[in-house]
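To keep things simple, chains are lettered A, B, C, D and E as they appear, and every chain counts its residues starting from 1.
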């Protein structure tokens, strides 16, 4: 299986704090890679380095075989890397539907002319259809024309996932996609991921480990900026080191 | 100590709470569960005084809170921890805590002690901007900040969201301790049923802006299958 | 050259006085406060009005003028700016500019359009490089230093500044701690207004009072604040002195460009800062 | 469209800076213009050969901006049908109005200092004229007085960096070419906060005299700061052109002993020509009665701007700009508060006394702390003040 | 709950002819203003509206408040004037020179300023504006005549004679409608959504794969060019230019106009432009000291008419249509 996204000795320093420390991480084709770890262990920072929000202090990131360490975020997205944010980040002042136009339209313009991009209405049918199908995926179609700020927290999360999916990535990075969702919705999201996961490789950070063990093929555990353990979930979760840092000393059941 | 009486609340024209009632007794820990968009957050905001109810009223320790601002209510001992993990990002962690200490007239060391008891690692971040904290660290800071001093009623919106199991344990420990001492009451919005089960004295279930069920019976509470229907 | 530099430092001290109030409101409340110019001018007119009534005592009249500016500052904060917190900054810009227009006309209406004399309180110059060097400027420079130290102490020792910064991040969060956001905003704004008045009064004897004096000073004061970093007390101090030097030295060699050079420096600093980040 | 002769009323536009930088002066000019209109109307109106014609005046604000002024002028012409305009506070605004008056010909009397190009045959509106001197003249007057009367050999020239200052500089250059001296120019930005850098340059040059020509607040700043720096210990100070609106804002110490050139002064007491003293006093008294304070020189100019415009129409018995202007040029002699005057073909006015020279009064010499700021000691009588019309293309 | 049909209704494309209908309404509006305000004034106001539109694109849509838009207006003014004096007196060529000049300056400075945000963006633009003002008023005084200003050298060309007020009106109206049309298309296109989303959260836009820098730069340049267009029209129409056209303090004018009308709304920019000019014009005519009234009105706008005129009209229209539908419902009931 080919590595789509790999890092070599990736390090990020924040004024003396080593948030990510010499990390070699990879996401393989067709696989779901889970990333867990205690709070502040550097998971989000690692994703930020992968997606180009931060430039690393040291080490490299390569994506699809090219070194993208210095490539700006938008180029990485164009190459096929999409992500969501731990603290939901959608466009509150636009409508739900316009949020999706944004993520859907880029492909259209790559295929079509600049004129369409600058002068044709964004409400034309081909775009509208794409957006609707993205919305149907997450069950938000009835809110298409609402202003996003009116959505509840959970709905915004769903919208964010829909946006990420409509970017048609080859690698998708989800940062705690289940946070703020009720069990029912978690079920929906997980089954959605099942449905679409064959289309891309997935990296997922999550604290609700029980909800994703079924889903992930490989699990990495971070602590204090390092990957302390990786492998198939069943094995990793029984690792004493992992149990200690994540569940605490007294917890020994496995 | 808290009585919510048949309140309605609305954002502009959109009414999102319909006739919601709820009460909390001293030293009680009440949980609210419900699906996304059920109106849980809106309910907490209304109780905390950040939103005004369109109908009905809230009384806190026997006082009608209509006409009291959020600031007044906070002074009376109500502390609201919002869902969006907003810390004072441009201040250091220490200053974040300092403001809470200042507001409740508590000395800094004991305030810091409060927060580190939840998450000892925070002491490493004291002089960093709070804006740089990780999602979980923010939540911890917020909860810790709310617990500084002696709050009478905590309103916490999804406290375990984004926290590692080990921290959840710590928080639960602290909440249990508080509960035992009957120092503080709490209304907690939570989706994590295992937490609910362990701490809840009573559970309210919300759906589409209405309070549809109250579970006070311990046995029913541990049987999550029923609740799951609503989640 | 040395002579120019020394004059430059005194210009810097004056710039510090006129911009420090702006810097505080700008840095903590994130408001580009055009009304600063209005309070600045108004304070000077108060001062002129009080001066003959207190027997020409500069200090007493200045204190009275500052006291008189407190309600003005408070009213502006309470009835205009408070309604705009948490909203787009642009509205604050418009509203404070509106106040500047209104205030300027009020001054014209009450005191007339003609510039008014303000006599320098010390009136002693000592010999220096064969020329005269006004003692008043030395006093201003020293007062600037004192003010700088005092403000630093004030903001370090009190939580006021931090509460205001916190409230900008999350006003509801501050309220939910039981802190009355509005009160602290008022305090900071009134403090800024008082400093504006102080700046005006100290500057007036070097020039004169006229209704548009606030307009003239604003742009340069903005430049000082921007170069120093919004709300950075030390930065403002250093940038005021540095820009004072820029004015003095440019004035020496390319006189017409003296003021424009300040803006050139400002542009360069801004661009440098943002590209570094 | 030109209205018919012998119209019912004289429609007169009056435009000064009521807001913006020029407003301190503009409001005074406006007051004086209103006084002139009132006087004429109180006397029953203008006299069109026995027939009394009232003035209907439209008062407008230039906002100290040329484009705003042009906008207002256009609207007064189109909407109100004015045939004459009196106004102008700052040079560039008058220049713009003059330019516009070439495109839509009306009578335009600029009552403030304007650049000399205003009067060039190519540039002047067909019926434009001015009661005041040009910036160049001011420079010439100052330079000539400094070199010819005061006999100075080394001069620093410190002028503001805008239209008026550049005009004055051109005038000074001309004179210095004729009367060679050592000199250096220092231009100061307009509206600057601190003049000390420029004063240091002046003082570096070690001149016998410095000739300054700032305006408004800049004038106050530079004189005060020059005083603070004890510049007067090392050189004489000659101030090119001073008016009440800012002279009264200068502290007495700062003005003490400064030589000033003035268009006119409200208190001419002590000037040898009693005729001038009398006309001056009369005007000052009338203005004072109306507004409670002495008139500004520019107010005087504005007042006579209106008076002369109306006199032109009276002479022509018509409000038609062409006829009125031609009638005025055909009867060029008149008497102003500063003495006899005569219109020239280029629209400039040559007065018997081009300008007056005063000496600034210190605190002890003043009877009135505010208004008594200068004592008239002399007048500039040389001829190089104004350029010959031939040189301007006439 | 909305049905799917309702949802699609909310996002269906605007009717094809809508833009043209709006253009006709705008043209009619300005023609209707003529008897009220006089033609020369309407022409003048329309030029200002173009300027306000250019600013609205930058501020209302992309959320970048600039204190330096006047620089591009002034560049347009001076580029066209100097071109007409030194190269050709043809009005169209002078216009082209002005627009190109402004676009080039905007494009060049855009490379620098577009990276900034908020106050630094606003004030860096101000700084450039100040420098431009200095260059025009002082450094290049030999060719610009500094404060004195210069007369443009544009001469009538064929039927294009700007002293003919009918022609001037039609000419300016044409360009106003042209600007409106362009901006309508632009802001309704995907590009429009992108710049609006940049207004809200630029970083997030990058993570959707867009190079926000180029979009901002393009917007900035278009905005500068349109401001330059307004400037060239001033040159043609006023025929006398002076550095007031590039004075930094004038930057508050487009800001006010756009806010009065409602930022991020093209009709708003036009309505606001007209209203602002009417206010300024009539106040300064009828009240000797008028700026405080302007100040008072601005406060009212900021506090009570936040959506500007456009919002006000929307509320009004909403109320009227509510009333109508109620009446219709009542009427239906009785039948």
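In this section, a contact is a pair of C-beta atoms (placed from the backbone, for glycine too) under 8 Å apart; a residue touches a chain by one contact, two chains touch by 3 or more.
From a predicted model like this one, the values you see are computed outputs, not experimental measurements.
Among the remaining chains, those touching chain A as well as chain C are B, E.
The greatest centre-to-centre gap from chain C, using C-alpha centroids, is found for A. The count of contacting C-beta pairs peaks for the chain pair C-D.
Distance between chain C and chain D, defined via averaged C-alpha coordinates, is recorded as 36 Å. The distance from the centre of chain A to the centre of chain B, each centre being the mean of the chain's C-alpha atoms, comes to 28 Å. Each chain gets one centre point, the mean of its Cα atoms, and the points for chain C and chain E are 33 Å apart.
Averaging C-alpha coordinates per chain places the centre of chain A 74 Å away from that of chain D. Contacts with at least two other chains are made by residues 108, 256-257, 260 of chain C. Within chain E, the positions touching two or more other chains are listed as 138, 289, 291.
Residues of chain A in contact with two or more other chains: none.
By the definition given earlier, chain contacts exist for A-B, A-E, B-C, C-D, C-E, D-E. Interface of chain E with chain C (complex): residues 59, 65, 112-113, 115-116, 118-120, 122-124, 126-128, 130-131, 134, 138-139, 248-249, 252, 255-256, 259, 263, 289, 291-292, 294-296, 298-299, 301-303, 306.
Contact residues on chain C toward chain B in their complex (touch as defined above): 159, 162-163, 165-166, 168-170, 172-181. Looking at the complex, you find that chain D touches chain C at residues 20-21, 23-24, 27-28, 161, 186-189, 191-194, 196-198, 200-201, 203, 216-217, 220-221, 224-225, 228-231, 233-234, 244-246, 248-253, 370. Residue ranges on chain C touching chain E, taken from their complex, read 26, 30, 32, 80, 83-84, 89-91, 93-95, 97-102, 104-106, 108-109, 215, 219, 222-223, 226, 230, 256-257, 260, 263-264, 266-267, 270-271, 273-275. Across the complex, chain B is touched by residues 14-15, 17, 37-41, 43-45, 86-87, 150-155, 158, 176, 179-185, 207-209, 245-248 of chain A.
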